[in-house]
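Below, each structure is written out as structure tokens.
Look at the two complexes coming up: chain A is in both, with chain B in one and chain C in the other.
And then the complex of A and B:
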């Protein structure tokens, strides 16, 4: 009965991600809620600022990323709520390597879920606002790295506050200031892609990628000792 | 540190939760076989198990545990949205090849062996007909059975069980006794928190008692 060192951390994370995806497939209410939330938020924001302003290449991406950020919080919170329903969280974190795998697996799973939400939300915004896209390839890259940059912080904050009663209030308060650089970078990257500024889109996307990498490593370092 | 023959242990363990010391200077050794941790409700038994499982931090003292620990708490720890079979399969796959067959004869290949082991455990615990229903649609007793079936599907050096006989009917209690004996035969050290179930009297080789978070004298079953 030696230690099970033969199963890599990556494979464990993949198992957690697969478990999450299977549960989401059977109960897609979390994804549907996130997409609905995002669509309503984009629509409301567009109405509030007016369609002409909302179509501006500096404003439309901001509306999109703010909505996606809140959708990420909704999705991640829902994911951890499910872990708490039958103390499933304890079952995973008591496993050898469970804490690392839980964090990394949630990153992968929520990255996938957010990718879907981002795709649907993006298409809805393009249709709602009748947006013209000068550099579609750059926009896709900016969106992919922007989506990848969200889960490391959102999952970290939800994981750290998972057992706190004030979690619903704490998560946005903790996450939003830390996510501000991502929000700015993602908005500028997408705005540059919409406006046809290839260099700007690439530079902001590279910054987003670096932020995603730093926060993922930071999360992997902090979470194993912080999850209780 | 725990004594030489022990698999795991706490030494001078103190746990503080919500500004209250729920464990104070607790020493526990868990050796192969069954060790019982007794005490009334609120004595700190669950906290002691969670401290050993690494689920609560120690304010003072030390914890020594092996790499592969199985912790079964009050609740079933099964993810809603997955079936009982999928949940058990997840735990087996997560642990990797150290989990090995105890019930079913090995089928060719790792995948076949795993599925045979799963099917055998589900059959043994009376869950064959409901194994592919999402766990949230099972009764509390069925979920409890599915959780305890992990004793048969996973192999570990240390198993920590919190009131495992709670919510079990006579048949399931007998199955649990059998699974515990199977696990101890494989060398697993088992620590069971209990507020006094008679089922454990003839199984335990060692016993501790807690009251108000402190160790109190308990005669050994040796």
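And then the complex of A and C:
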């Protein structure tokens, strides 16, 4: 694909996401690392607070979403590292509309990868903690919107710091405070679904969806200009 | 990247006036807060902390809104003056958020019985504080002038979402922190002299902010010019 090829923004983003998916399929080390990391975190958190407390419908989702958030940071960082190692980042940025495509494509790709990590991590937590789920449908919806709410901020922060040496320290410092509302909403939505509160689960999921939409639009508007 | 005359005009012509106005405003507000305003009927003398706590919080809001506007200005025009205003305002905003948190904590101990409690206004303010500390950290760890300004501008735009969240958190989530006393439906819920003192304190803090901003912008502009000159050699 050369710079002269005329592609719509959506198509370019889809190409970036597809390339990401192919890279993950060929070398699934990033996904395996994220799932392992999440499993380790869930185990660690559950041991630290004690299994009885960890099983609480208010606590179990918190452990899950904190673990998933860190897994999202690991996955996104790995994704950009791969671009840097292959010098692919400069190539994508050089294309017309490349920055927009990079951000949007990474959002889609990370959303897909995180979905897989969330599924495996969720199943592990359900088994480890022997969780009962009162409203499985609501839990699935809460997890989907929760997963969609993380990438806009995580990709933003990793993209901004991609060429900085202190990135490992900066990304959590920048991302975690911004992601606090998402984390609170996702935890409450999942907790309500576990406890059988349909109204609460729907309300928190709707809030999560709104947050995801706002940050995705904001990110698509301003982040591409900052990608170097 | 070229510099602009805007900050130097601010520094040379307005800064001394702002400095004088800051000192005068601080003296008047201090007199009103400590002597002229009556003590609160319920809380007594400790309520006077409000004349530091509330203006500091308002100044922090103002500073972060200026960061947002300057960040948009930088992304729009790439004029270094906007970046200088953004970093200056962010630093002052962090300072005033810290003052608001500390003053709030001092006020909370005798009234709530604790230095800190997990309630929405406090949590959202603390989140806002660490978010802008992250903004400053990002700037300090970046070396290139344009890249740093652009990266920081994105964070400056995203982080401003916190300002309405902090302000409205007390109305969205009913908790320990009192509701807004001035900007509330049905008008201010304060005694006349208390309200006048609070307004005077807010004005004094705002003038102080403007003076600090002008001074810091001048320093940042000089730094930018040094970097540009060194690059040109």
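Methods note: the second predicted complex is superposed on the first by the 222 of 228 C-alpha atoms of A that agree within 3 Å, B and C clash if a C-alpha of one lies under 4 Å from a C-alpha of the other, contacts with A are read in each partner's own complex, and residues count from 1 in each chain.
Note that contacts are C-beta pairs under 8 Å (C-beta built on N, C-alpha and C of every residue); 3 or more make two chains touch, one makes a residue touch a chain.
None of the values given here were measured: they were computed from a predicted structure.
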Partner, of chain C and chain B, that touches more residues belonging to chain A: B
Which of chain B and chain C A:226 touches, first, second, both or neither: second
Touched partner set for A:19, first chain B, second chain C, both or neither: first
Which superposed partner A:218 touches (first chain B, second chain C, both, neither): second
First, second, both or neither for A:90, with chain B first and chain C second: first
Which of chain B and chain C A:160 touches, first, second, both or neither: second
Touched partner set for A:52, first chain B, second chain C, both or neither: neither
Doubly contacted chain A residues - partners chain C and chain B: 228
Residues on chain C engaged by chain A in the complex (per definition of touch): 75, 127-128, 130-131, 133-135, 137-138, 141-142, 147, 150-151, 153-155, 157-159, 165
In the complex with chain A, residue positions of chain B that touch it: 53-57, 66-71, 73-82, 86, 90-91, 93-99, 134-136, 143, 155-157, 186-188
Residues on chain A engaged by chain B in the complex (per definition of touch): 1-7, 12, 15, 19, 22-24, 26-27, 82-83, 85-88, 90-96, 98, 101, 228
Chain A residues touching chain C - in the complex, by the definition given at the top: 153, 156, 160-161, 163-166, 170, 173-174, 177-178, 180-181, 215, 218, 222-223, 225-226, 228
